[in-house]
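Mind looking over this structure? Questions follow.
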Amino acid sequence: MAKVGFIGLGLMGGPMAANVARNGHALTVYNRTAAKAEALAELGAQVVSTPRAVAQASEVVITMLTDAESVRAVLDGSDGLLAGGHLGEVLIDMSTISPEQAISLAGHLAAHSWELLEAPVFGSTGPAQEGTLGIMVGGERRLFERYRDLLACMGKHLFYLGPQGAGATAKLAFNLLVGAQVASLAECMALAAKGGIELQTMGEIVLASGVVSNLLQRKVGNITASDYAPAFPLKHMNKDLGLMIETGHALGVALPVTGAAHQLFSAAQASGYGDQDAIAVYCLLTELSGLGKTSPREEGET
Amino acid sequence: MAKVGFIGLGLMGGPMAANVARNGHALTVYNRTAAKAEALAELGAQVVSTPRAVAQASEVVITMLTDAESVRAVLDGSDGLLAGGHLGEVLIDMSTISPEQAISLAGHLAAHSWELLEAPVFGSTGPAQEGTLGIMVGGERRLFERYRDLLACMGKHLFYLGPQGAGATAKLAFNLLVGAQVASLAECMALAAKGGIELQTMGEIVLASGVVSNLLQRKVGNITASDYAPAFPLKHMNKDLGLMIETGHALGVALPVTGAAHQLFSAAQASGYGDQDAIAVYCLLTELSGLGKTSPREEGET
Amino acid sequence: MAKVGFIGLGLMGGPMAANVARNGHALTVYNRTAAKAEALAELGAQVVSTPRAVAQASEVVITMLTDAESVRAVLDGSDGLLAGGHLGEVLIDMSTISPEQAISLAGHLAAHSWELLEAPVFGSTGPAQEGTLGIMVGGERRLFERYRDLLACMGKHLFYLGPQGAGATAKLAFNLLVGAQVASLAECMALAAKGGIELQTMGEIVLASGVVSNLLQRKVGNITASDYAPAFPLKHMNKDLGLMIETGHALGVALPVTGAAHQLFSAAQASGYGDQDAIAVYCLLTELSGLGKTSPREEGET
Amino acid sequence: MAKVGFIGLGLMGGPMAANVARNGHALTVYNRTAAKAEALAELGAQVVSTPRAVAQASEVVITMLTDAESVRAVLDGSDGLLAGGHLGEVLIDMSTISPEQAISLAGHLAAHSWELLEAPVFGSTGPAQEGTLGIMVGGERRLFERYRDLLACMGKHLFYLGPQGAGATAKLAFNLLVGAQVASLAECMALAAKGGIELQTMGEIVLASGVVSNLLQRKVGNITASDYAPAFPLKHMNKDLGLMIETGHALGVALPVTGAAHQLFSAAQASGYGDQDAIAVYCLLTELSGLGKTSPREEGET
C-alpha cells in the first residue's frame, strides 16, 4: 500500500479521497477549508495544515482542484508541495486543465524532480462516492501502470490515452459533449415553453426517446422541478468551455457549436448564474425569450 | 377498424404502414415510386395509382413525407387527395414540418372541409418496424382521441401537446437535441483526433460515460467504423435545423447553439455530404482541421 | 411621364414618393394610416382609399412595405391592387424580401397578368429624402430599362443584378454587412466598457480608424449619447437576418457569423428592444455582461 | 532626443522604426532576420546582434512582435533585454497581446526593475510608413507623457486608455471590428456568388453604400482581383480573435458574433489559408458552398 497525499476535498475530491482511505492506503490530506478534512480523519487519514506537510508524508500526491492556477498555488511557496517533496515524487493531477497547462505543469514539476501523471475524471458526485468514475490518463505509461491500483480505488473505467496532455485533451473533448447536452436541452425546453408546450410533457418526450442519457435525465428533472442547486456549477462548465476553445485554437480544430455554447454560458455566468447548476443556462434563455425570470439569481457576476 | 390511406412508404413510412395493415385496418396506399408499395400489397393493402384514389377509399389518410412541399404536392391537383376526399375527411400528417406550416396546412385543408391532425414522430427505422415510435400530436383533442388506437399501431409513446402547431413545435424542439448530439460528437471526435487520441478509445470513453444515449452509441459506431450510410440523411437534419431556426425566430426564442449547428450542417450539405448520414458532419470537421478527407463524398451539393 | 402609384409612405416610402412627385410624375398614393399621405397631397399627389384605386389610376405601382406578407396584403382581396389593375401592369416592389418570396410573388402576379420588378434599396432616411439611394434591381431587363428614369428619381446608384430574385439576393447580401457592423460594434463597446475603457474614447478610436463607415459613425454616436431612437428598428434588422439565413439555407451557403448575429438580435427583440434602433443590441450585451441596464425597454417582445 | 532601442522590424515594425530614426532619435535595432535591419542602418541606426546589446545602448526599448511569447523570447536568457538593461529602463510593447498577458509581462519586468508601457496600434503598412498610425496606450500616465513625442513619430492618433491592460483591451476591442468586417464581407460575397450575382457588381454596391470603410474598400478589391497576398495574414487575425475570446471570458462579456468569426478563421487557418490575407476566409466559404476552390492554398495548416 502506498503512502498517498490528497489535496482538494470538495464535492468530488472528498469522496474520492475517502475511497483511497477505505482501500487501505496511508492517506495524508490537506484542504484550504480545514472542516472538509474531518470526514477523512474519521477514516484514519492524517490531516495536516500545509501542502508541504502532505508531500513530506507521501510518495505520491493527488490533486483535485478547480483549475491550473489552484494546482500551482499548492505547489509553490515555502508551504507548498515542492518544498516538502522527495526526489522522484509523483503528482497525479485529477483536475480539469488544458493539455497546454498539463505540459507546462509537467515542465515546472520536472525542474524540481517531480513527475506528473494527468488523470482527469468523468462522472459526478454519485460515481465519485461509489468509486466508479472514469479516469483519463496522460503521461508516462510506467507511471500509469505503477498507480493503476491506486486509480482503481476511485474509478472503474481507466483509459490510458498517451503522452503528457493526452489525458487533458480527452477530458476536454468529453466535456464538450456535456456542455452541448446541457446547452441544447436548455434551448429545447425554452423553445417548447415559448411555443406553449407543458415542460412536464416535453420532459417526458426527451426521457422516452433515443437521445436520453443519464445526464439529460437529471437535467430534465432540474428544469421541471426548478431546482438549480449546483451538481456541476455553471461557472465551472464555462471555465471548461474556455479551455476547449483554447485547445481547439491551439490544435487547429474548428469547434463552432462549442464556441456558441461557450458564449451562451459566458452570458449566463456574467448575468449572475455562475454558482447555480450548469442547466441554469435555461433560466437565461427564458429571460432572453421574454418569458421572465424562472430562478432567483445573484446580481452581477459569480 | 377504420378505412385508412397511407402516402409515403419510405424508410420510415413503409414499416409504419405495415404496422397499420397488420393491426387489421383496411389500408389503401400510394407511393410515387410504385415498387415501394409491393411489400404492403403482400400484407393485404390496396395499392392505387393516385393520391385521389387513396382519398376515395379512406376516411382518414396518413402522410409521412419529406417536407411541407411534398405534403402539398399530394394534396393539390386533379389527382390529389383533395380531389378525392369526403366531407369531414381527416389528414394525419406525420412528416416533420414547422408549426407555421402546420397551421397553414390546416387552413388549406379547412377550405376543403378536411381536418388536420399533426403527428410527427421520434425514433428511427428500428422503432418504426417494431411499432414503438414516439408520436407528438397537435390539433383537436377529439381527433386525437378518435385516432388514438390507429396511432398506437405505430407508436407506443403517444403525447397530446395541444392545438394545431404544438405537435410540430415539440418535434422540432426534440430534434434540436438530435442535431446538437450529432454535431457535438463530431466536434468531440475531431478534437480528439487532432489531439492524437485514438478514435476507438475516445469512443469507449463516451460509451462508458453518463452522456451516452442510444443515439450517441450508434453514431460513435459510425465514426469508428467510417460508416456513413444514411440512417438519417444529413440533408434532412439540415432541413429540420432550418425549420427550428425559423420557428425560434417566429416565436421569439434565441437558439444560439442550434444556430451554429445549422450553419455547420449547411456547410456539410453544400460540401457534398447531404446524402450521407448526419454524422458525416464529422468528415467535414476533419477536413477543416487539415486532417484530410475521411469519407468519399459527392462533388457539389446533394 | 408615367402614371405612378405608390403604396407604403413610411420613414423611407414617404420621401421616396415625394421625389417621384417632384419629378413630375402623375402620382396616386395609398397608405394604411391615411395621415401619412397628406404631405404627398401637398405635392400634388392624388390620395385614394384602397390599393384597388391606386391600380386603377396607374400603369406602374411601387410598394415600399415591411415584408412580403404586407405586399400580399395590398395585392389580394376585393380592394386589392389586383382587383384594379390593367393588363400588363407592373409592380415595382422596393421592400426587403427574400429571393424565394420575390419569385413566388412574381408567379402570383403573372397569374393576374402583372409583371414584377424587384428593386430593394440601400441607404437610410437621409438618402431617401435626397433621392440618392442605391437601388438593386432584379427581373426582366426591359422593365429595368423602361423604368430606369422613374427609379432615378429615388436613387443615384442603380444596379441591374439579373433575373427575378437577384435583386433580393443582393439586398440581403448587402444587409448582412449592416447586421455584422452593428452587432460587432455592440460587442466592441461592451468589451471595452467591461474592461474599464471610457466609451467616449473607444468611440474616438473607431472614428479615427480604417474600419469606420458612415454607418459605424452614426452608431458610435448612438451609443455614446445613449440614443436608441429607431433609424432602423431592431425588429426589422432581425427580420432581415432571418431572411438571410433562409436564403443561405436555400442556396447552400454557410453563414456562421450571420447566424450568430441573427440569434443575438432575436434575443434582443424578445427581450423588449424590438422597437428601438438596431444598435440597442448593445444594451442587451451590457445586461448580459452584468453591467446593468443601459436603456429603458419594453417588457416582453416588440 | 532619447536613446531608443527597437526590436521587430517586420512589415509594421520596419517602417515604424524608420520613422523613429528620421525624427532624430539615437536608434539601436535588432532583428532575428538580420537582413531586415539594413534599411535602418542606412538611416543611421546602429544594428546589434542581441537584444541584450539593444538594452545596453538604450534607455527605452520598443518591441513590435507577433505575440506575447515572442516578447518573452527577447526578454529572457543571457542574450535577452533583461540581461542588458539599466535600472528603471522602460519597455514600450506595441505588439497585440491580451490585457492578461500585458499585466503578466509588467509583473515580470517589474521583478527586474523595468517598467512597461503597452502601446498597440491600429492602421496597416501605409499608415506605418507615413507615421499616421493610431496608438492605444495603457500603463502609468507619467510614462505616456514622457514618451508622447516618441510615440508621435509613429502615430498621429494617441489615446491614453488607463492602467496596465487598458491599451491591450482597447486594441482587441478594436480588432474585433476588423475581424467582423472581414468575415462578414466574405459571407456577403459568398452569398452573392452562390446566388448568381457578379462579384464585380456586388463589390460596387458595397463601395457605393454607407457600410464602406477603408478596410472594406481594400478587401472588396482583394476578392474581385483574387489577390490574397497578406496585408494582414489570416493566422494573425485568428490569433487576435483567440485573444478576444479569452479576454471576453476573463472579463465576463459574451461575444457571440466574435466567437463565430473565431471558429471560421480557425477552420480557414487549419485548412491551409493561414499565410494568405485574412480575407482568404472568403475562399474557404466558397469551398464550403460547393463553388470549388477560388485560391491556391497550402495543404494542411500554416
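Points to keep in mind about this one:
Just so it is clear, A, B, C and D label the chains in written order, and each chain counts residues from 1 on its own.
Convention: contacts are C-beta pairs under 8 Å (C-beta built on N, C-alpha and C of every residue); 3 or more make two chains touch, one makes a residue touch a chain.
Bear in mind the structure is a predicted one, so any value in this text is a computation, not a measurement.
Because chain A and chain D share one sequence, their contact can be compared position by position; here over half of the interface residue numbers appear on both sides. Farthest from chain D in terms of Cα centroid separation is B. Here C-D and B-C are compared, and the pair linked by more C-beta contacts is C-D.
Note on chain placement: the centre of chain B and the centre of chain C lie 36 Å apart, centres being C-alpha means. Each of the following residues of chain C touches two or more other chains: 248, 252-256, 259-260, 263-264, 267, 270, 288-290, 301.
Residues 99, 122-124, 127, 134, 136, 157, 159, 161-162, 165-166, 169-170, 172-174, 176-181, 183-185, 187-192, 194-198, 201-202, 204-206, 208-216, 244, 247-248, 251-261, 263-264, 285, 288-290 of chain D are the ones touching chain C in the complex.
Put simply, chain D touches chain B in their complex at residues 256, 260, 263, 267, 270-272, 287-290, 299-301.
Partner chain A is touched in their complex by these residues of chain D: 238, 242, 245-246, 248-249, 252-256, 259-260, 262-264, 266-267, 269-270, 301.
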